[in-house]
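So, here's a batch of structures to check.
Shared chain: subunit A. Partners: subunit B in the first complex, subunit C in the second.
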Partner chain A sequence: MQICTITSIALAVGANRILPAAAIPYPLGSPDLSPNQEKAVRRKLVDQALAALQCHVDKQTIFNA
Partner chain B sequence: MQGEEFPFMKLELRKFTIKDARFGEVTGIEQGTLVINKQELVEFLNRDHSFAGVEVKLARPGEAVRIVHVMDAVQPRLKLSGDATPFPGALGPVEIAGRGQTNVLDGVAVLQTGKRQGIQEGVVDMAGPGADYSIFSRTINVVLLCTPHPATTDVEFDRATRKAALEAAVYLAGPTRPMVPDHVEVFDLGALENQAHNLPRVVYIYHLQSQGLLRETFVYGEHARELLPTILHPNEVLDGAIVSSNYIIACQKNPTYLHLHNPVVLELARRHGRDLIFAGVVIANEHSTLREKERSAKFAAKLAWQLGAQGAVITQEGGGHADTDLMLTCRECEQLGIKTVIMANEIAGAAGDLPSLVDTVPEADAVVTTGNNDELVSLDPVEQVLGGEDIAGVAGPPDAGLTIALGRIYAATNQLGATHLSIRGY
Partner chain C sequence: MIRVVHYLNQFFGQIGGEDQAGVAPRAVANPVGPGMALQAALGSKAQVVATVICGDNYFAEHPQPATEEVIQLIRSFEPQLVVAGPAFNAGRYGPACGAVCQAVQSQLGVPAVTGMYPENPGAELYRKDIFCVETGPSAAGMRQAVSAMAVLGLKLAAGEVLGTPEAEGYLPRGIRKNTWAEKTGAARAADMLLAKLQGLPYRTELPMPSFERVSPASPVSDLSTATVALVTEGGIVPKGNPDRLESARASKFLKYSLEGIEDLSGAEFQSVHGGYSNVFANEDPDRVLPVDALRDCEREGKIGRLYKYFFTTTGNGTTLENGRKFGQEIALVLIADGVQAVILTST
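Presenting the complex of A and B:
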C-alpha cells in the first residue's frame, strides 16, 4: 500500500495498492488549510488507505482518494 | 529604439573576450583583462546593508582552487538601450528581452555562493580531474560570498543574494558601454511564424524548475510556478528573460548563466532556415502535484501543436518526479503527432546498473543522456577553498582530496547539454 502523489512512479516501482496523495512536499496535508482541517484530510486519507489494504487486488490498483 | 537598424526581435550579443582578471583601482577592461575595484563592488552590493558581509574573490582556470556552496552562476552583461537591464523584471523594469544590443563579458562568470536552508550545494574545482566535469572550471570566476544578518529570513536572503549576483554582473560589464566588442553574434530569426519553407518545424519545450522556494525559476522576475506554459521567442531566452533560483542537486540544475547560453536554443537558432525551422520556445513548469503536472504537459503540447510543430526537443531540470513532467509532455506531444527527443540525466547508481529514471512512457523512444549523477569521481587536494569552510555531508577539511558523486559537481550533468564530455560507442 503506497500513498503517493505521482501515481505513475508508484506503478513503476511495483506498488500493489496506490492511493493518490495531495502533493510531493505535503502528501497528507495542505499549507492552505487550518491545522484542524489538515488533520481531517490526513485522517480521511489514512482511513482510505486502511480500507484499501483490506480489499483484494489481483493487479496493481489505484484507489480513488 | 534603434528603429530600422533593429527590427523588433533582432538581438546583437556584443562579446568582449576576457582572458584574465585581477583586482585594481578602477573597474574596467584592460587589453582583455577584467580589472575590479573590489571595495567599490562590495560597497555597491551592500549599499542597503542587506548583508552582514560581502566577500569577492577571483578563481581562474588552472588554479588549485575549489569553490564550494555554489548557488548560481551569472554572466556579466550590460543592456545598451534605455533603462533596460540584461535581466528584465528580475532586476529593474520589465522590458521585452531579446531585442537590441547586449554587451557580454565572454569567459567570465559571477558565482554566488553561501549556505542555504536544505539545499544541496555545488562544488567547482578549477584544476585537476574535477575540472573536466563543470563548464565553470573553464570560466574566470568572480566569486561572491554574501552572509546574512542573524534575523534575515530564508526568503529575504534568497531575494537579496539573487539581486546581488545580477547587480554584480551588470556592474562588471558596465565599463564596456563605450567600447568596441571583439566579436558580435546576431540573432535575427525574423518573423518565425511566416517562414514558408518545406523544412521541418521544430519547437523547444523547456521545463523550468518550479516546485517552490529555493526550487524556483523566474521569468521576467515572476515565479515560473505561477505560469501556464507560454511561448517565448528564442532571443528572449538568450537575453535574460529567465533567471534561476533553483538550488537543488548541484549537477542537474540550470544556472542563470546556462539559461543565457542554452545550448538547445543556440543550436536550433543557428540551424533555423538551414535544415529546420525553429518554430519557438515553449516554457513549461515542473510542479509538485500530479494535477498541475498534467495541466502543464497538456498545455505545452497544445502550444507546440499551435506553432505547427512536427518535432519537439524537450529538456527537464532536476530528477526524481521531474521525470514525470518530462514523460507526460513527451506522451502528450506524441499523441498529437509531434515527434520528440528528450534530454535527461540518469540517477543510475555508482555502477550505472540501476533504473536511470523514476518514470518512463513507451513514447519516449529517443532519449539523450547527459550523464549519471551517481558516478563517483576523485578530486585532487587544492590550495585554496572559496565560498565556505566545509562541504555539506563530506567529513574532513574541504581542501582535501575527495571521492564524491558527480551529483555534487556544479552543472556536471546539466540537462541542457552544457558539458564538455561525450561518450562514443564502438
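Presenting the complex of A and C:
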C-alpha cells in the first residue's frame, strides 16, 4: 500500500491501496507538534496503513483519514 | 494583439527552489524566465501581459483552492490565451499546469496550452481535457517546447481548426473523428498484420495506455504473524549518502539494514531527494520512513515483525521505465524473503 500526499499521482500510476499523507516534505510527520504528539500522528497513519492492508479491495481505493 | 497570461512554478518563476515551494499564487506584470522565450516565439501577434506564479507544494497540497486563486489572478488580466509551463517531467508542476489549463478553459472560456513529457503524471491526468505539447524530460528542451506551445497557442487563440495530434505536436486526447480512408478497417488491419509479420514498421490506430493496471493484492490475513516491509521513494539514505543515490532521475534503488534500529535518527540518516525541502526529513527521517512507529507495532504484537531491510530510491523525475524496473526487482527480493505486506511512502 502507498502513503502519499498527491493521491492523484498514485491513482494515475496504478496504486491500489492509497492513504493520504500529511504533507510532501513530511508524509508521516507534523513538525509543529511536540515530539510525542507528532509520533502519535505518525502512529495513527501507520495504523491506518496496516488497516488498509487487511481490507479487501477490488479496485483502486483511497483510504480517507 | 492577443493578450497572453503565462503560468509558472516558483522555480521557473524565479522566486526560488524547494525552500520556496510553499509560496501562494502571485502575479507579476510581463514575462518572467521561460516567458522571455515564449514572448519571442509568439512574435508580434501576441503579448505576455502577466505571469502568475505558484509554489509546487502549495499547489499540490491544496489543488482546489490553489486552482481557484490562480484562476482569479489570471482572470484579472483578461487574457485571450493562457500558457502554462512547460513542466517537462516535473511531477508536481505537471499536474498543476494541467489543472490550471483545464480550469482556464472551463471557467474562463479561454484557450490554454501547456507542455509536458508524456510520462509526467499530469499528462495522464489531464491530456484528455487540455492541449499539452509533447516535450522532452528536462528543461534542456525548453526552446523547442516553448516554440511548439506558442505555435499551437496562436492557432487556438485564432480559433483555427486543428489537425491530428501528430501533425500539431500535442499529446493525443483520445478523441475520435470520422475521416475518409481509402481502405476499410479490415484491409488496414490486414496490412498492419502483414507489415508486422515482415518486420516492417506499422502504426496502430488504437494505442494502448502506457500505465500498467495490476489487480489489487489480497488482504493480509493475519498481520500479527506477518513480516511488513518499508519502501520509500523519499530518498532516505545513511548520512553522507555512501552509495551515491541520485537526488533526481534515479538510476538505482538501494537496500539498507534496519537491524537494531528502533528509531531513525537525523544523525545517522538523511534524505537526498532533490524534489522537496529535506529540512524536516533530515531532522527526523521517521517523518518519511516510519521505523519508530513500526517498531512499536512490532513490540505490541500488532505485526509479526518489521522486515530487516528497507529499500529506498528517489522518485524525482525518475523515468517510468526505471520505476517499473525498481518495483519489479524490489518485489522479487521481498517475496523471496517472505514479506507479506509493504508500506511504500512517497514525498
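Methods note: the second predicted complex is superposed on the first by the 65 of 65 C-alpha atoms of A that agree within 3 Å, B and C clash if a C-alpha of one lies under 4 Å from a C-alpha of the other, contacts with A are read in each partner's own complex, and residues count from 1 in each chain.
The rule is short, and it goes like this: contacts are C-beta pairs under 8 Å (C-beta built on N, C-alpha and C of every residue); 3 or more make two chains touch, one makes a residue touch a chain.
Nothing here was measured: the structure is a model prediction, and the numbers come from that model.
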Problem - First, second, both or neither for A:I6, with subunit B first and subunit C second - result: both
Practice task
Look at the residues of subunit A and decide whether subunit B or subunit C touches more of them.
Solution key: C
Practice task
Based on the superposed arrangement, let me know which partner A:L50 touches: subunit B (first), subunit C (second), both, or neither?
Solution key: second
Practice task
Based on the superposed arrangement, let me know which partner A:I24 touches: subunit B (first), subunit C (second), both, or neither?
Solution key: both
Problem - Partner chain in contact with A:D58 - subunit B first, subunit C second, else both or neither - result: second
Handout entry: Set intersection of subunit A contacts, subunit C complex versus subunit B complex
Key = 5-6, 8-9, 12-13, 23-25
Problem - subunit A residues touching subunit C - in the complex, by the definition given at the top - result: 1-6, 8-10, 12-17, 21, 23-29, 31, 38-39, 42-43, 45-47, 49-50, 53-61
Handout entry: Touch list for subunit A against partner subunit B, complex
Key = 5-9, 12-13, 20, 22-25
Problem - Interfacial residue positions of subunit B with respect to subunit A in the complex - result: 211-212, 288-290, 293, 321, 323-324, 327, 358-360
Handout entry: subunit A partner contacts - residues on subunit C that touch it in the complex
Key = 21, 57, 60-61, 63, 91-92, 95, 121, 124-125, 211-220, 223, 228, 234, 276-281, 283-284, 286-288, 290, 292-294, 296-297, 302-303, 320, 323, 341-347
